[in-house]
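Here come two complexes built around subunit A, the first alongside subunit B, the second alongside subunit C.
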Partner chain A sequence: MSSETTHPTHEDVLLDVRDIYTYFRTESGVVKALDGVSFDIRNNEAVGIVGESGCGKSVTAKSILRILPKNGEVVAGEVYYRGVNLLNLTEPQMRTVRGKEIALLFQDPLSSLNPVLSIREQMVDVISLHRGVDEEEAAEIAVKMMKAVGIPEAEQRIDDYPHQYSGGMRQRILIARALALEPRLLIADEPTTALDVTIQAQVLDIIQRMRKELGLSLMLITHNLGVVAENTDRIHVFYGGRVVESGPTRDIFKDPHHPYTIALLESIPSFVKGKGRLATIPGSVPQLINPPSGCRFHPRCKYMTEECKKRPPLEKIGKDRYVACFHVDKVLADRKKSS
Partner chain B sequence: MASVELSSSEQTEVEIFPGSPKDRTDAILEVRNLRKYFPIESKSILFSKVVGQIKAVDGIDLQIFKGEILGLVGESGCGKSTLSKTIIGLEKPTTGQVLYRDKDIHHPKSKTESMEVKRNIQMVFQDPYNSLNPRRLVRDTLKEPLIIHKLAPGREEEVVIDMLKKVGLEDYHALRYPHEFSGGQRQRIGLARALIMKPEIIIADEPVSALDVSVQASILNLMQDLQQEFNVSIIFIAHDLSVVKHVSNRVAVMYLGRIVEIGPTDMVFDRPAHPYTVSLLSAIPFPDPDIKKKRIILEGDVPSPVNLPEGCRFAPRCYKAQELCHKEEPMLQEIRPNLWAACHYPEDEKVIFFDVVEEEA
Partner chain C sequence: MKINIIRSIIRGMFSKRTVYIEKNGKEEKVEKIVIVEKIIEKTKSMLSSPTLVWFASLYFFSLLSIIIFNLVRTGFDLASVATAPEYYTDLFLHYGLNAESTYQSKYLHGFSSWLYAPFVVVFMGLALFFIKEAGLAFNSPSFSISDINKKYAYFSKNVFGYDVVLFGNQKWNAFYIGQVWLPIIAACIVTIAYSRHTKRETWIVSRFFISLLISFWLATDLAKMTDPNYYYDWSLFFPTLFEFRYNNRFVAYNGDYNPMTLTLVFTFFQFIPMIMLGVGELAYSATKTYLQKKQIFKSKEERIVHIPTKELPWIKERKKTKAEEEWLDE
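Our next item is the complex of A and B:
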């Protein structure tokens, strides 16, 4: 769409996603999973991608790495990684980006590991291929990384099979494997959703520690607002295949501008606040086969007017702050009144 | 277990039930020294022999009072779901009893007693997609239990419509199939199906964990409203501690088949006594960047319920463990009024601080 809606390129930008549209062909019609998504990730930065199911979080990761299923396609837009548009690369070129430059960590650690191969086989192959070292050296790197992520007795355990590890340990193996390739960007798609809270704390702790040690950027995709609050510098809030608000993490939590972000934050049960009734958002997340016109959130929004049936641009409202809503002034006036 | 014998005396006030508040005498459900072991069999052509036991539930005493919401929390594999299945009668206990108003639910004396118990303990499941029959109209799903239990002879449809409205659906929804509903609406149907029996106890096993945050809020509100309206007791099982804190009056924390801490919600969350509860609470990420807290990161994983550690089950991961903890298993004891914990060295101070750090952006 209009180029004004994209972020101006920051000198430090590592990944610049500009106005991408990803569509899926299905039996019941075309699913517009991403509908003009723009955001950026800078060097050494942890960025959170937040939203509810079906908002396009995971599709964004898959579009960036070009690993969409057969029926999906990025139909428009650009994905600049260190100045190169990934969408123009050939498949062999793309293979040198995946893993080595941009690593991906999935939600379910069991299905990301081959159950019939030992951890050694799964790590050594990848490391020797991408880093151009022989198997012996690759094994050394693997053991070193396994130790770094806190796997005890790594020298022996490298010969174990995935089923011999617990869920948290498997996720550590995957982190070790991903980071052994020394990528610049780690995309973590719900990395701790399948884990218990105490294990989640361990895994997030490792990701943060490794990030600081290796100086890599993190794109953390999650629906858990607590996880983003504690682990990111900036947030992009997704709704219905679009970015509706983005900004520094603290600003988003302390001073949300978009009606959806506000409603989302109010609907989580708070630890600190009292009981009372939870704020709810009427209706449910939009179907992207036949999405609402204009602002995707308007059917559920209390600020809805005729104007909202047109698409609101993602407008800059401050340093690193962007909001896609026609009624920001009214929303803010209301917030001031209530506080 | 229950070192204080539950004597046959009529004076219930005299009984001290581990984990129960002393001022309440209106218990409607009692779990006594419940154990549920699953045998691990090694099979050969001729013989199969039991080589071990998975101790999913390993000695639980618990009372549920009239009209309370008891939150049951713990990590995966701690036995929450096995406990709930045994309470509702889907699993037979290895030892111990579950008593609903003094009737043993696993050994009913008559058909009528069995029917009465079943009617009064209902369940709401986690997955609203798989817990409704896809080939049945919502009306038929809701009507069947009424017919079986002869609760509203001749007026079943009326009762069904009534209940649908109570859970925030419309009368025309009765003539639809489950696939026509969203996840949140299906969970409303699940609630309607449980409540239509006018039960005294509902066991809700992770009722909101499959839902999006915005939908989760409306289901939690609805559950609280319905709880008030029907004065039903709810055992609310969840792994999301902020949800449990929001809805429940009392909380029981489970670890490896045992209750390690139980007490009024505010006490458990504000000043937990058991180190496991402390670490569990400190592990929750807060949706507020200004709150910084001391985080206790636990070492290792939950041990396997086959080879339980000797002494306290939590000792291998505990930041406070001493020699005694590895030798002797602690029993539930009252640490502060109504707050019970099974620990040799309970925390007596407030150990988790939720500091609001004022930071200049």
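Our next item is the complex of A and C:
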């Protein structure tokens, strides 16, 4: 194997995304959707990717699996999965990774299922293709997985069509289909956005239970801070196509360091804080065709100085804690004062 | 019922809309009247449309070329700049059959010539460039004395730049290239850059109608030079359309240069710059796409490193599917 393709990583690291840049060609210009994103996911770990809409969360998932639209491409960087750079693989080799090694769960269950095929056809095809079993065995696995995700009368319901299922049930079918392939990593791209709150909780419970039972890693993409707080071990906070802060979930919620993370957490409605206007972040999300120079959050940041027009590095500030800000000390001092 | 509908439409038009504008980090409450806002919006949109940019830049570059040509022709002084539009208006209005005309067009002198000259040079010049046996000049190297009988096809005086012939074709001379083609090309470039920058397309219908109006304006004065007493009899507009079908001249006119024919001819040739603009926009988009693709996909092919599939860690440890076994055999 080529030395450029593999690299010695810590045994515990399953996925190591290193400095990836993903660009899109559009009518208005080149959209720099990801601008040097780095993070890792370890074995049996649940990692949350949080940020506003358009900050590059879904693009990261698609870049890892190389399923970007035709106008997009990862122009630089490395994505090491079990020590192999996925960006160096041929298309047939990538097909051995998608589904079987890394499964992807989309936010809209209806558009992920074919409305003219029964659930049996959709599940059996995928299982027999990826696991190399015959159709009978694949159907048995499908029923077993459907039962595991809480679909009653799975033997009968497997012959139903997607429209005969509710939204929550459809998402369960997708989870069952993804996990039937026994992947090592499940990327869930806003899996509960299209569902109502009670169903959201059920689906997240199922994902967590299955994750623990099957011993897989989870990359949970969401803009809902409540979801990551309950379901992840570590968080990577995205802003404008970059990681601005990362660390253990508990630490980030308890002691955020980046002004954007602080603002994001302050914008969560709280019963404790009492009445008053909900905190908002002034300004709007940066245009990725022509993003601000340096720290992309600086036009909206109250700590902004001339220095912020240079790109801040993602610096280690503690065990598993990283932050990309020149004014961490000032931010922390302010937080101390206000608390 | 109908009155109520009309009343509600009018009330809707004059109703006020509250908007919040951010100024210096503070929100300000502003009340706007819907109809006034719509009119301002529409006017702004029209004033900044690529169609208007096209005609404005065509006017500007044509005027610039008129002034430069006149400066080179007569010498570099202010008087030459001031008289440039008058000279070229005179040159075009006294073309061909109008050579002997004594009619004093109001565009021949003063400020009005500054409005008229840039358009007559480009519109009429473009038509004369394409029409065979038209738009010739006595100072052309290919002129022979026998052509003196074809005075209707010639400018009434020598045309500066006509004797500098390119590509061996008498129409491809410095006069047509410098005064007709260069302003058109420059206006095309400006309009393409503007429309790509603002993401607004040139609306071909509005451009056609404005070209038609300008052509009508130019043609009317050219026809007046032939017959100063002519008038448009608009009362014959409908009869000529529906009754005098076999003798249909649209509006009654007895002259040598029929303003309607000239209008149609000038408008027809304005489709050429429109096509140039369309082709230019396509070329711009194609070049941009190519450059972006080159920028984005440059490393795609280089990146693939051929690793044997069987050496991938997940292939080593698991039961292979049929497809995977085929790749391994390869």
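Basically, the second predicted complex is superposed on the first by the 326 of 339 C-alpha atoms of A that agree within 3 Å, B and C clash if a C-alpha of one lies under 4 Å from a C-alpha of the other, contacts with A are read in each partner's own complex, and residues count from 1 in each chain.
Throughout what follows, a residue touches a chain if its C-beta (ideal position, glycine included) is under 8 Å from a C-beta of that chain, and two chains touch if they have at least 3 such contacts.
The shown structure was predicted, so the numbers you read here are calculated from the model rather than taken from an experiment.
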| item | value |
| --- | --- |
| Simultaneous placement of subunit C and subunit B on subunit A, clash or fit | clash |
| Touched partner set for A:V30, first subunit B, second subunit C, both or neither | second |
| Partner chain(s) touched by A:Q156 [first = subunit B, second = subunit C, both, neither] | neither |
| Subunit B versus subunit C as contact partner of A:E73, first or second or both or neither | second |
| First, second, both or neither for A:H130, with subunit B first and subunit C second | second |
| Contacts of A:I199 with subunit B and subunit C, given as first, second, both or neither | first |
| First, second, both or neither for A:S338, with subunit B first and subunit C second | neither |
| Which superposed partner A:V97 touches (first subunit B, second subunit C, both, neither) | second |
| Common interface residues of subunit A - those touching subunit B in one complex and subunit C in the other | none |
| Of subunit C, residues touching subunit A in the complex | 25, 199, 285, 289, 292-293, 295-300, 303-309, 311-315, 318-324, 327 |
| Touch list for subunit A against partner subunit C, complex | 1-2, 4-5, 23-25, 27-30, 71-73, 75-76, 82-85, 87-90, 92-93, 95-97, 100-101, 129-132, 184, 282 |
| Subunit A residues touching subunit B - in the complex, by the definition given at the top | 52-53, 166, 168-169, 196-202, 204-205, 223-227, 229-231, 248-251, 253-254, 263-265, 267-272, 275, 277-281, 284-285 |
| Complex interface listing, subunit B residues touching subunit A | 75-76, 182-184, 212-218, 220-221, 224, 239, 241-243, 245-247, 269, 279-280, 282-291, 295, 297-298, 301-302, 354, 359, 361 |
